[in-house]
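In what follows, structures are represented as C-alpha cells.
Two complexes come next, and they have one chain in common, chain A, joined by chain B in the first and chain C in the second.
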Partner chain A sequence: MLIGAVIAGIFFGLYFTLVGLGLNLVFGVMRIVNLAHGDVLMLGGVAAWALFTSLGLHPLVSAVLVLVVFLVAGLPVYYAVVPRLLRSRDSEMLSLILFFGLSQMIEAVTTISIGATERSLPPRLMGVGPIILFGTRLPKAWFYSAAASAIAVLAVYFYLYRTRLGTLTRAVMVSRDEALATGIDVNMVSAVAFGISLALAGIAGVFAPFIMGSITPNMGVAINLTAFAVIVVGTLGNPLGTLLGGIIYGVSLMLMQTYLSSWANLLPNLLLIGVLLIRPEGLLGRKVRRA
Partner chain B sequence: MRSKLLALGVLAASGIAMARAPAQAQPAAPSQITIGELYASSGPYASISMPVYNAFKMWVDETNAKGGVQMQAFGNKRIPIKLIAYDDQSSTATAATLYNQLITQDHVDLLIADSGSVLTSVGVPIAREHKQFLFDVSGTGAAFFSDDNPYIALMADPVSTIWPHYISDYLNDEGYKEGIRTVAILYSTNDFTGTQAAALKGFFERDKKVKVVYYQGVPTNTSNYTVLINNIAAQNPDAVLELGYVGNDIAFLRNLQDSGNQFRFVFTIYGGTEKEEIEKNVGVSAVANTFSYVPASNYEYKPEIGMTQTEFRAAWEKKYPSGSGVAFGANAIYGYMTGLVIQRTLETTKSLDQMAIHDAVFALSGKLKTLDGTFELRKDGAQIGEVTPLGQLQPAGKDDLKLVAVYPPDLANGKAVLGK
Partner chain C sequence: MHSSRTRRAILDAAIATSVVAVMGIARGVYSNELMLFNFIMFLTLSQGLNIIYGFTGYLPFGYVGFFGAGAYGFALAVMHLHLPAFAAMVCAGLAALVLSVILLPLLRLSGAYFAIASMAAAQALYEVIANPDLENVTKGPYGVSLSGVFAPAASYYLALAILAVTLMLVVWLRNSRFGMSLQAIRDDSVSASMAGISVVRGRTVAWTLSAVIAGLVGGVFAWHISVFYPDTAFDLSVSIFATVFLLFGGATTLVGPLLGVFILYGVYNVIGIAVPQYFQFTYGALIVLLVLFLPNGLVSLLTSRGIRVP
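Presenting the complex of A and B:
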C-alpha cells in the first residue's frame, strides 16, 4: 500500500503542479495573488464540458482550444485590472480582495448559467481501464494529465529560460521597477504571463472532471487553497518550484488517505502552516516575498 | 307593549351575542402564513438541496393558486403562504446565521431545514433553543432526535440508523448464501453517512456472518478515491459499501471503473437515489449492476393526498424542463412531500403556537400516505414509516438502467445479480 500511495501521489501531484503553476507565475511576475485562479480552472472544465456536449469535441482538442482562448482572454483582463492594482499602495493585499470578488462573481454567473449541480465528461474519453505501474492501478486520465503537466512545466521553463520574452519576464520577476527603468515594456510582459497563467488554469480545468470526478461552480475556493499550499511549499514566486510542491502535496495526500483517511482534508492547511513556520521562503529557499 | 319590545330587544341582542361568542373567541386570522426555508444554490449540497427547494416552491405556488391553506383554527379560512427562503451556499456557518435570522428577525410561523444532515445539524439546536418546531426534510442523523426535544420531526427519509438495515439483512441472508463473506465500508465523515456506516458495522458485528475487513472514513469533500479503492482491493472484500453524498459517489464510481477493480457487490447511496444525476456524470457502464437504495422516485406509492408520482413528475418537468440545472429525483419528492405534511398540519392545527404545530404534525403519524410512502414518526420525531428497499441498477436495453428493488422479498420486484 505504501508504494501504491507514493506512485499515485506522484501522478496526482503532477496534476496539482499544473493547477498551481499559473498561480505561481502570476505571483512571481506581478506580486499579486489571483484568488480567482480556481474559478478560471472551473471555467476551463465548464468549457470542456460545453464543447463536448454541444459539439462532441474530445477533451484533448478542447484543451488546445482552451489554451488559446484563455491565453488571449488573459491580455485584456490584465490591462483592465492589474495595472491599476499595481499602482495602489498595497497591491498584494488589495489583489486578495479584488480577485476574491472576481472569484465570487465568476461562481455566481456560472451557477446562474449552468446550475449548481455536478457536470462531468464520460470517463471513456480518456480510455477505459487502468494502467498498472508497479502493481498500482491508475486511471489512464492520470497519465494524460501528468503528461499535460510535464509539458506545461517544460514549456514554462523553455519560455522563461530560452526565449527573449522569458528573459524579460525573469527581469520583471527580479525587480519590476528596475525592469521598467531599463525600458522593458513591463505591462506587455506581465500581460503575457497573466494570459499564460489563465491558459494553464484552463487546461487543468479540462482535466478536472477526470481527476476530481466532476466540476461544480463552487469548486474554485477549495482549488485555490490547495494550489496556494502547493506553491507555498514549492516557493512563492518560483514557478518551477511548483513541481516540487505539487509532488509533495500529492504524495502526502495519498499517504494520508491510506493511513489517516479521516484527516486527509487537513493536509493543505498542515502543509501551509508547517512550511510557513519552519521555512517561510519555501523548500527551494528563494526569498521573494517583500517584508 | 314597550316592555315587550324591550324584552324582545334584550333577547335578540343576547341571541346575537351568543351566536357571535365562538367567533369572538377564535383568534383573528393572519393575513398570511410565513414559512422560512434554507436552500443551497451552490456548494457540495446544492444537488440535494435545490430539488427540495424547487419542489417545495411548486407546492407553495399550487397552494397559493387555490387561495392558500384552509385552516380550521381560523374558521376554515384560506390563508396564503409567504415563503421566505435564504441561500446558505452549503455553508454550515451561513446556515446557522440564517436559521437564527428566520426565527428572530423574520419571526416565521414554520421553519424548514435545508436538505441533508450536514446543513440540518446546525438548525436542530437553534430551533430547540428558540422553541421553534423544525420541519426536518431529510436530515437523518440519529443524534438529531431525542425524547427531550419536541421541536423536530423528520419528514421524508427514515432516520439514518434505519436506512441501511436492508443492506446488512441482504448480505447476511441472500448474499451469504451466494458466498459473500467479507465487506469493506468506506464512508464520508458526516452525520448522514457516518451514522449509516456505524449502524452497518454494528449490524455485521452483531450477526457475525459477514466480516468487516475495511472500515474507513474520508472527509466529505473527498474528490478522488483511486488510492482508497486500491487499498480496499488489497483487502480483497466481496462487497464494497461506499456511503457518501452525490459528489462522493460520482468520484467513487468513476474511479472504480477507471481502476479496473471489480467487486461482487458494490453499493452507493445516490446511484439510485439521484439516478439521473449519477448516470449523467459517471455513465451507464460505471453504475450498471451496482446496488443502491430504492427511493420513492423509483417506487409507485399510492398517495392519499397530493399528486401521484407520475403527475408530480409531469408537473416538475413542465416547470423545470431538462437542462434547467436541477434534476428530478428523490429529493424533489421530499420537497413536495414536506409541503403536503405542512398543508395537513396547517389544516388541522389548533393554533400557530409551536407546540400546537408539534401536536398537529404528530397527529398525522401513521395516517398520512403520500407519494413518498407512509408518514410515521417515532415519539422523538424520527421518521420510521418510510422504507428504503435495497435495489440494483440493472441494464434495461442499450444505454439504460432500471432500478430494481431486490430486497426485502415482500417489496422486491426483481432478483439481485451478484458479480463473479
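Presenting the complex of A and C:
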C-alpha cells in the first residue's frame, strides 16, 4: 500500500507540476501572482469538453490546439494589463486583486455560456483499463497527463536554457531593471512568458476532467491554492523546483489519502504555511527572501 | 496646528457617529433587517481590514478566517458550554485573538506571500471545522443551529456597537501618535525602527486588533443568523468583498471604506442577487479597472489634488 501510494503520488505530482509551472514562470519573470491561473486551467478543460462534444475531437488533439490558442491569446492580455500594473507602487500586491477580478470575469462568462453544472469527459478516451506499474494499478489518464507534464517541464527547461529568448527571459528574472538597461525588450520577453504560462495552464486543463473527474466554472480558487503550494514548496521562479514541489505534494497527498483520508484536504494548506514559515525561499532556493 | 488637529479628530468622530446613527435609525424605517445587518457587518469588516492593511500594508486574503473563528467560537460556547449570548461573544473575540496569536509568525512574510499564507490558514481552519470526523464537536459540514439564543434585535444593536467601537478605533489611529507610527512602519520599516518605533509591537497590535474585530463580527453574525454552515462562515468572498470595498474607497482613510461599502454593496443588493453572473462579471471588471486606473481608491481623486479626506 505504501509503494502504491508513492507511485500514484509521483504521477499525480507530475500533473500538479504542470498546474504550477505556468504560475511560477509568471511570478519569476514579472513578480506578479496570476490568481486567474486556475480559471485559465478551467478554460482549457472547457475547451477540451466543448471540442469533444461538438466536433468529437480527441483531448490529445485539443491539447495541441489549446497550446497554440492560449499562447497567442496571452500576448494581448499581457499588453492590456501587465505593463500598466507593473508601473504601480505595489504591483505584487495589486496583482493579486487585479487577477482576482479577471478570474471573476472568466468564471462569470463561463457560467453564463455553459452553466454551472459539472462537465466531464468519458474516461475511455484515454484508453481502457489501468496501467500496472510495480503492482500498482493506475488509470491510463494519469499516465498520459504525467507524460504531458514531463514533456512540458523539459520544454520549459529547454526554452529557458537553450534558446536565445530563454536566456533573455532569465535575465529579466534576475533583474528587470538591469535587463531593460541592457536593451532587452522586457515587455516582449515577458509577454511570451505570459503566453507560455497560459498555454501550460490550458494543457493542464485539458487533462483536468480525467484527473479530477469533472470540471466546474468555479474550480479555479482551489486549483490556485494548490498550485501556489506546489510552487512555494519548490522555489518561486525555478521550474525544477516546481517539479520537486509537485512530487512532494502528490506523494504526501496520496499518503494522506491512504492513511488519513478525511484530513487530506488540509494538506496543501499546511504544506504551504509550513514551508513559508520554515523556509520561505523554498526547498531549492539559494537567496533568502527578505520578509 | 494643535487646534486644526483637534478639529480633524472631531470631524472624523462626527462622521463615525453619524454612520452609526444612520444604521441605528434605519432598522426602524426599513424592514429588510438582514440586509441592514449585512451592511453593518461589511462596514465593520472593511474597517477592521483597514486597520491591518491601511495602516501596516499587510493584506490578509484569509481575513475571513477570523470571522469564521469568531462565528464558531460563539457557536461552540453556546452549544457545549451553554453560555448566554453575551458571554459567548467574549468567546468569539477570544477565538479570533488566539488564532491571531498563533498566526503571528505570518507577519514575517511580506506581500503576496503573506496574503496567500493567510488564505491557506483560513482554509486549513475551515477544513478542520468542516471535517466530518469532528461532527460531535463542530457538527462538521452539516452546520450549527443556535435557535435557543436567537435574538434579532439585541444582536443587531450589538453589531452596531461593534461598528461604533471599530470606527472610533480607526478615528483614533488616524489621529494618534500610534497610528502615525504604524504608517511610518508601513512606508519604511527600517527608517521607522531607526526613529525608535517598535516595529514588531506596532504590527502585532494592529494585527490582533483587526483580528478581534473580525472575530466579534463573526460572533454577532452567528448570533443574528443563528443557523449557518462552515461554508458560510469561511466563505472566501467575505474576505474578498471586504478587500474590494476597502480598496475601492481608499485605504487608511475613514470615509474610503464607508463609501466602498455603501456604493458597491448597495449595487450588489440592487442587481447582484437577481442576476449573480452578470454582477460577478461587472464586479470583476470593476476590480480590474480600479487596479489599473485608480489603485489608491476613490478618495485618491481628492487626495491627489492635495485635499485632505477624513
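Simple rule for what comes next: the second predicted complex is superposed on the first by the 285 of 291 C-alpha atoms of A that agree within 3 Å, B and C clash if a C-alpha of one lies under 4 Å from a C-alpha of the other, contacts with A are read in each partner's own complex, and residues count from 1 in each chain.
Going forward, a contact is a pair of C-beta atoms (placed from the backbone, for glycine too) under 8 Å apart; a residue touches a chain by one contact, two chains touch by 3 or more.
The structure presented is a predicted model; accordingly, all values stated were derived computationally and were not measured.
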| item | value |
| --- | --- |
| Side-by-side fit of chain B and chain C on chain A, or clash | clash |
| First (chain B), second (chain C), both or neither touched by A:100 | second |
| Partner chain in contact with A:265 - chain B first, chain C second, else both or neither | both |
| Partner chain in contact with A:139 - chain B first, chain C second, else both or neither | first |
| Touching partner for A:249 - first (chain B), second (chain C), both, neither | neither |
| First, second, both or neither for A:213, with chain B first and chain C second | first |
| First (chain B), second (chain C), both or neither touched by A:277 | second |
| Which of chain B and chain C A:111 touches, first, second, both or neither | both |
| Partner chain(s) touched by A:159 [first = chain B, second = chain C, both, neither] | neither |
| Which of chain B and chain C A:89 touches, first, second, both or neither | second |
| Residue range of chain C overlapping chain B upon superposition on chain A, of 171-179, 207-215, 225-233 or 243-251 | 225-233 |
| Residues on chain A lying within both footprints (that of chain B and that of chain C) | 107, 111, 262-263, 265 |
| Contacting residues of chain B [partner chain A, same complex] | 40-44, 46-47, 50, 89-90, 189, 216-219, 221-224, 226-228, 230-231, 233-234, 246-247, 250-252, 254-255, 257-261, 277, 280-283, 285-286, 324-327 |
| Contact footprint of chain B on chain A as seen in their complex | 1, 4-5, 8-9, 12, 107, 111, 114-120, 122-124, 128-130, 136-142, 210-214, 216-218, 222, 254, 257-258, 261-265 |
| Residue ranges of chain A in contact with chain C within the complex | 33, 81, 84-85, 88-90, 92-98, 100-109, 111-112, 221, 225, 228-229, 232, 262-263, 265-266, 268-270, 272-273, 276-277, 280, 289-291 |
| Chain C - residues contacting chain A, complex | 57, 59, 61, 105-106, 108-113, 115-117, 119-121, 123-124, 127-128, 131-133, 236, 240, 243-244, 247, 277-278, 280-281, 283-288, 290-292, 295 |
